[in-house]
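Order as written gives the chain letters A, B and C; numbering starts at 1 within each chain.
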Amino acid sequence: MTATAARAPATVVRRRPPPQVRRRRFLLAVAQHSLLIVGAIAFLAPFVFITLTALMTTNQALSADLWPHPFRFRNFIDVFTTAPLWRWTLNTMLYSCLATIGVIVSSVPVAYALARIRWRGRNAAFVIVLIALMLPPQVSVVPLYVMWAKLHLVGTLWPLIIPNWFGDAFSIFLLRQFFLTIPEDYLDAARVDGCGELRILFTVVTRLAKPAIAAVALFSFLYTFNDFFLPLLYVGEASHNWVLSIGLAQFRSLHQVQWNLTMAATLLVMLPVIILFFLAQRAFVEGVTLTGVKG
Amino acid sequence: MRKRTAAAVVLIAALVVAAAAAARNVHGTAPARNAAPTKLTVWAGWSAGHELKVFKSVVAEYDKKHPEVTINVVGGIDDNKIVAAIRSGTAPDVVSSFNSYNVGNYCGTGGWIDLAPLMKKDHIDASMFPPAPRYYTQYQGKRCALPLLADDYGLYYNKKLFKAAGITRPPHTLSELAADAKKLTVRDKSGKISVAGFDPVVGFYENTPDRWIQAYGAKWLDAKGNSAIGSDPGWAKWAKWMKSLIDWYGYDKLVRFQAQPIDEFTPSQAFETGKLAMNFDGEWRVAFIHNEHPDLDYGTAPMPVDDAHPELYGSGYINGTIIGIPRGVKHEDQAWALVKYLTTADHPLAVLSNGLRNVPTTQSSLTSKEIVPDKHFSTFLKIFAHAKSGTSPILASGQAYTNSVQRFFQQWQAGKVKDLQAGLKNLAKQLDAQVAQAKGGGGVP
Amino acid sequence: MTDQALGRAGARAPALPLRTAARRRADWRRRRLVLFLMSPWIVGFTVFFGYPLVMSAYLSFNHYDLLSPPRWVGWANYHYLLRVDPQTWIAVRNTLWIIVFAVPLQVMFAFGIAVLLARAKSGGGFFRTVFYLPALAPPVAATLGFVYILNPATGPVNTILGWFGIEGPLWFQSPHWSKPALVGLGLWGVGNTMVIFLAAVLDVPQHLYESAELDGAGAFQRLRWVTLPIVSPVLLFAVVLGVIQGLQYFTQAYVAASIASGQASQAGDTLNALGYPEDSTLFYPVLLYQHGFNDFQMGYASAMAMLLLVVSFAVTLVIVVNSRKWVHQAAPR
């Protein structure tokens, strides 16, 4: 919980509230807690069902049974032999990592220019960045596809990776908001020391902005990891280049009745992100706060 | 001394020139047997258990006999993948598709190359293919595909359930079918369907309008080439028949029945597991049953037809796998050699027919001695040969028209269409607009 | 006259003529620097955004299937889109439905959870993780899970409903329940929004609550008159984000429709699975994809894209212009 405002001095006396008030407050607390518990059960239930199904035999997964009989942990291994899960993971990692690096490398300078350098047309440029953020990708998808098709790159991951090396609107927005909060004094001190603007950017600013850059990296990684539409478009017909999201969607059609394996695959796909969350919790929360509260 | 040097030089030069000429000749005329074998990639639609295996084994046979090529077969391909690959210039050497709906697009745009000149060079006449496959592999004179085994459709019925319900022979007319279906249906205490006599819902298994309309002999296009869906009475008749049976079951109850895990191309298919007493299915089901449920006591018969057209009984709907060579292929000669072998030689067609239980698509292979006779399968061979059997039209709008028609009937069966005749007329207008839109640009020359 | 406008390391108060020349040089250097820093975005914007937008407009007047060159058809595509295609208005209605129903619902739900979490003193961290976790699930995985769980015949939800004697609906197999099922899926993944709201609610100054309490305000009234107004900018932000996402809604609809329709392999069937059942999950981006990439109709899909562009622009304009009216201008930032 964030720090509460300082208590006013003794003019406000906190008397013990009368029993009715106390009872009402107690009932309210109970109600709130029960709502939370019900909500938590509802939110966890899908995970539980998915896991239970992932541990069933094929036939049991087709029936209305809720509890596995016996527990088939082997499913998690079978998934790897029934589908090229490693290949898909490799492709996904390739896409996500290269895209994330590209986003950071290209968005930081742009955000810096928009935040800390005064130049004519800066506000107009920022508005254009915002507009790019708000329009659906479907608006530009057809000519882009044509362009990549003519370059013979459809069927590879390059049409997905390359645009990320030219700036990403959301990351630019986030980073700019953060750069705006860097006190000018830091930068001035560096300037007085004789640093050129670029040096300032690379050394001072980047170091100060580490949490924001971490948040951007996290968001980029997550976004590309979860991306389905663009991979469907560009690598949909080249199964050796499938990413996890495509592979998982197609898994069901390749192994129709094997819901147990499908659920096992589903769990395995969810796993990396959940692990990442537990490792980088702070970066998650900070990043989310950056988008919302300061937005 | 100089003369000898000069002579030596001339001799060496001559030898060099002769060697070069000889080398050029060797590379020009003889096949590059010592070079690395050409890699061919074949895309096919088959993916289910035994089917892809059979196709791969036939291709492997060819591969062994032809050491100058090595062939890689990729299964599970659909039309979207083919189109995407052709567009991006990454198409394989040979492609095949399970249906003919997009032939108008493939031929019209040159996405699949015109095979006519290749056929002429090798003296292959299109008349070696039966009429229906011959029709659905070309569009407006451009033959960009050849048939690779055909499918036709008939009725499968569960003999054990028939005996239990006291039905002695499969139905011949659609009213008999509806009556039998009602007799064979078993419901449990809560009213849910545990055994369905027959499921006519469009979109379930192989139920699509173009396969069904064969039973009414209704036309797709009128004399002017416009859609006849609004004018030919057969369509409305089928719609009413289908809906009355669905309403008897209760549409929601049928949807619930279909929501069970009874996926079509798995051993849990409803007919194979006795949940469905009669099923409208293709000839390949014989192979599936043989592989998955060999003890099933069943029979096959032609599809029942409209009571008003008893002469149609014995006919059926025909469509099939088509195979072709995409534009931009690098090894056209070898690709054509493979395609020619698969589509015209008796042996591969017979082996595929035996393994997949599909219908062979040349006149000679239909009567080949290699085909293993099977009493269930022979029904479908007869349906294939029936004079009144037909197929869907090839239109410039490609797949889109079948989707539109299907959409309409799915709304009709759910009770969303109030005025059937008006709806059909509207649908006809829409189909015509679709064709006009597809023709109005690119598409068809 | 401040020299804080940058790029200038050095001289603060030179003599007049020198300053002008030096100033000009500094300006030029600054502009060069800005150009250098902005260059990736400038190239990216032009190539991956500006050019496609212009090309989309051009292609929308052509018939183009990428297998043959584009052929000019004038307004034909737009005419077919707006007058003939029966699926256009269904897709528009579905997308509007998602925006009008799902977005406010998700915002209110996330806000409700955030408020509860802010009040809960014990176990707050545990609950927060539980409510956030589903938002981490990749959309395809989450959709697959939900389609299985909501299977009308054998899924756990209907099985449990059966214990109470309730016959569960057909969920993804029913045209009336498929969109609500998708909304449910969206509510499950509301974690990101919830965390943002939580941070905002926790930021509300405590003394405001105390003075409201002294004035006799009950818990609900404090929520309505203290929390809500202060948090309203964040709520608006979430609504805008939700609307933008609603206009692009594709993945969950596509995956749910193709799985639920049993559209397995054996691609022999041309059964149109997208929008299953009965076009109830046919959203505008899904229809666009189908026409452009399944039906050989890229020119037509471009016309659809132009329509989407106009609508998105209008919607964001409306929201941004009206944002002042709807947001309580509370304490200065």
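As a convention for this text, a contact is a pair of C-beta atoms (placed from the backbone, for glycine too) under 8 Å apart; a residue touches a chain by one contact, two chains touch by 3 or more.
No experiment lies behind these values; they were computed from the predicted model shown.
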Message: As a test of understanding: of all chains, whose mean C-alpha position lies farthest from that of chain A?
response: B
- request: Have a look at B-C versus A-C and report the one with more C-beta pairs in contact.
  value: A-C
Query: Rounded to the nearest whole Å, what is the centre-to-centre distance of chain A and chain B, using the mean of the C-alpha atoms as each centre?
result: 43
- prompt: Any idea how many Å lie between the Cα centroids of chain A and chain C?
  reply: 14
Message: As a quick test, compute the distance in whole Å between the mean CA positions of chain B and chain C.
response: 41
Message: Counting only residues that touch at least two other chains, what does the list for chain B look like?
response: 47, 76, 80, 84, 87, 261, 263, 265
- request: Identify all positions of chain C at which a residue touches two or more other chains, and write them in rising order.
  value: 64, 66, 153-154, 262, 264-265, 293
- prompt: Out of chain A, which residues touch more than one other chain, so two or more?
  reply: 62, 149, 254, 256, 259
Field: Touching residues on chain A, where the partner in the complex is chain B
entry: 62, 148-149, 152-155, 236-239, 254, 256-257, 259
- request: Flag every residue of chain B that touches chain C in the complex, lowest number first.
  value: 45-48, 76-80, 83-84, 86-87, 98-99, 101, 105, 109-111, 151, 190, 203, 206, 208, 252, 255-256, 258-261, 263-265, 327, 398-400, 402-403, 406-407, 410-411, 414, 416, 430, 433, 437-438, 440-443
Task: Would you tell me which residues of chain C are touching chain A in their complex?
output: 4-9, 30-31, 33-34, 36-38, 40-41, 43-45, 47-49, 51-53, 55-56, 59, 64, 66, 113, 116-117, 119-120, 124, 127, 130-134, 136-142, 144-146, 148-149, 153-154, 156, 159-160, 188, 192, 195-197, 199-200, 202-203, 205-207, 210, 219, 234, 237-238, 244, 247-248, 250-251, 254-255, 258-259, 262-265, 284-285, 288-289, 292-293, 298, 301-302, 305-306, 308-309, 312-313, 316
Message: Going by the contact rule set out above, which residues of chain C touch chain B in the complex?
response: 62-73, 76-77, 80, 84-87, 151-154, 167, 170, 173-175, 261-262, 264-272, 277-279, 293-297, 299-300
Message: Which stretch or stretches of chain A touch chain C in the complex?
response: 1-2, 4-5, 8, 12, 28-29, 32-33, 35-36, 39-40, 43-44, 46-47, 49-50, 53, 62-64, 66, 106-107, 109-110, 112-113, 116-119, 125, 128-129, 132-147, 149, 163, 165-167, 172, 184, 187-188, 191-192, 194-198, 201, 222, 225-226, 228-229, 232-233, 244-245, 248-249, 252-254, 256, 259, 262-263, 266-267, 269-270, 273-274, 277, 285, 288-289, 291-293, 295
